[in-house]
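A, B and C are the chain letters, set down in written order, and residue numbers restart from 1 in every chain.
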Amino acid sequence: MEDLSQYPLELPESDKPMVRFQNVTKRYGALTVLDDLNLDIAEGEMVSIIGPSGSGKTTVLRMLMLERIQGGVIYVDGKPLTHMQQRGRLVQASEKYLRQAREPVGMCFQHFNLFPHMTALQNCMEGPVQVLGMSKKNARERSEELLELVGLIDKKDQHPSRLSGGQQQRVAIARALAMRPKVLLLDEVTSALDPEVIGEVTEVIKGLVSAHNLTIMMVTHQMGFAREISDRVCFFFGGKIEEQGAPADLFDNPQRERTQQFLSAVKSAD
Amino acid sequence: MSYTEFLAEYGPRFLDGLQVTAIQFLLAAVLAVMVSLVMGLGKLSSNPALRWPAVAYIEFFRGSSLLVQLFLLFYVLPLFGLTFDKYVTGFLALGLNLGAYGAELVRGGIQAVPRGQWEAAYSLSMSPAKRMWRIILPQALLNMLPPWGNLIIELLKGTALVALIAVPDLMFEARQINGSTFLSAQSFGTALIMYFVFARFIVTPFMRWLERFMTRKLGRA
Amino acid sequence: MEWNWEFTWEIMPRMLVATGNTLIAAGLGYSIAIVLGLFLALAQRTPISLLTLIVREFVEFIRSTPLVLQIFFVYYVGPQYGIDLSPWVAGMIAIGLHYSAYLSEVYRGGIESVPVGQWEACRSLSLSTSDTYFRIIIPQALPPSVAGMGNYLVGIFKDTPMLSVIGVAELMHAANAIGGQHYRYLEPYTIVGVIFLLISLPSAGVIRVFETWVRRKLGMI
């Protein structure tokens, strides 16, 4: 068992990033996917995560939302997410605590995962009504605003099966935003899309970055897009951050050999 | 009477019954497999003279109840001069009935073989019979073995109905013992456990083994 | 032996009343099975592994032992311990329990067919476990379950003749009684077979239509 007393119960105001990974380790059985990860993400920051498949980049997002970790602590907005306080000490978070702690985190998936038996509007209203306890009227107003924002207000009464992939992903973004998240996780949101509709989704994401004070972590294969909108890019390799920095630095002047290899391989594939 | 005494006294009769059940089960299973192959292939035939009888057979035996079919065979056929021994009637009804269900599995298994396999066999100029027997059926067999596992258990359970035409199987013995001892929990409970053990520890493991064996034999492992 | 139309018409009213009882028995048994089956399915998804294991084995036990024996067991074991059950009550318990085991498997399959991304989406919205099940997962598990649920409705209907063994006055019971009174088995048993065919043959089509209707109702096509 890991000694949890080395981790603060809460982060102090003076040193409070929106998300902090502190010594985080994630294993599947014998396979270590992330090894002693330390990463801070500031409020309002847009961070892109790139790397070859199997580098653990998607796992970084999934730990915030879907999976438990085997070592270290993750903090969101200064409070521990993976652990909770009990008699002045940190212990493994219960399912109930996890669910609550994850409320400020929203996520969009590669395959959208819209609820197929609900309309676009119902998809957006589900979380606010059922989880936040918002009135249906308020939830509808908010959801309609968000569908307007992603340019799909005229499709609000359509079921997902009637929407194109790009439209489904935009609804999924609206659904995540309806929970008023502080952190938005975008997990390869354009990877399952046909090339001609990728643009409509990236446009929406660009709008989010400029208009909201939202913290975004994005796993992507689109280097051009990452470069255009990120404040910072992290290159993952073998479960560790191999290199990170401002997009111009990382893409134009990579320091590490593996980064150079990866970027040139991606470039030649394009 | 303690349960141990009960078992000491009536155990042999339960075992006699189980033996009859096992024989009925085996004979019915063999019949069901043959019927399902014939009827399943028949239903897929492009020749209406083969297809329609198969469809009628399958619909009749699946549509009316097993117990009804058993009684029709046992009470009604003799009226037309067709008399079978009750043992024969028992596994005949079972095999004919479950064969109809099996035919649908055969049909489904064959249809699940990818189109490309048919085309490949065709491109080698195989005769239709060869194509079916050497290329399609072996693959279909793998597709349908898992549902056959369930069907075989249904067949085992179906054997209990032959007790109703006085075949002295496990079910029949349990009723007799219950009638003479009035120890219903013991009589029927013992039989239930014996059926369960037979299904769970003999039939199901055998079907699993068969699946593994066929998978290996067909090089899909 | 020749078919006697006069006799046929004479016994028809009795057979039709018994058909009503058969349908009631199937309906009641199915209602029990539908609800109980959901509990059996959900109990196997709890994090309590002992409960899961016990329910799993219970379901296996019910599924691999003969229904007719279970009917006897429920009917006769009660009185041994001072609980008298009427044939109807015992029959409904036995057949309802039997089919609840099957339906729990249908539900389980339906739930497992819901893509894992749907669970993840529920998590990403912090939905509670009960909201996740009842608002998101079960509505989606329904359409793929409809066919299986429909098949077992037909299945329970075709198994109701077994209730005759403890004296539930359904079709088979009426046919046995008429046959015994008049020493004519041809007509009553044939009528039973025809009635079963008439009801179960169109059922496959009806189930398909209903399945499409459910999907459309949920906006999934």
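Everything that follows uses one rule, which is that contacts are C-beta pairs under 8 Å (C-beta built on N, C-alpha and C of every residue); 3 or more make two chains touch, one makes a residue touch a chain.
For reference, the UniProt names are A = Amino acid ABC transporter ATP-binding protein, PAAT family; B = Amino acid ABC transporter membrane protein 1, PAAT family; C = Polar amino acid transport system permease protein.
Everything numeric in this text was worked out from a predicted model, so none of it was measured.
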| item | value |
| --- | --- |
| Busiest interface, counted in C-beta pairs | B-C |
| Chain of greatest Cα-centre distance to subunit A | B |
| Middle chain, criterion being Cα centroid separation | C |
| Inter-centroid spacing, subunit B versus subunit A (mean Cα positions, whole Å) | 54 |
| Separation of subunit B from subunit C, taking each centre as the mean of its C-alpha atoms, in whole Å | 21 |
| Between subunit C and subunit A, distance of the C-alpha-averaged centres to the nearest whole Å | 46 |
| Touching residues on subunit B, where the partner in the complex is subunit C | 59-60, 62-69, 71-72, 75-76, 79-80, 153, 156-161, 163-164, 171, 174-175, 178, 182-185, 188-189, 191-192, 195-196, 199-200, 204 |
| In the complex with subunit B, residue positions of subunit C that touch it | 1, 60-61, 63-70, 72-73, 76-77, 79-81, 158-162, 165, 172, 175, 179, 185-186, 189-190, 192-194, 196-197, 200-201 |
| Subunit A partner contacts - residues on subunit C that touch it in the complex | 115, 117-118, 120-121, 123-128, 131, 135-136, 139-140, 218-221 |
| Subunit A - residues contacting subunit C, complex | 65-66, 99-100, 102-103, 105-107, 109, 111-119, 126-127, 130-131, 159, 161, 175-176, 179, 185 |
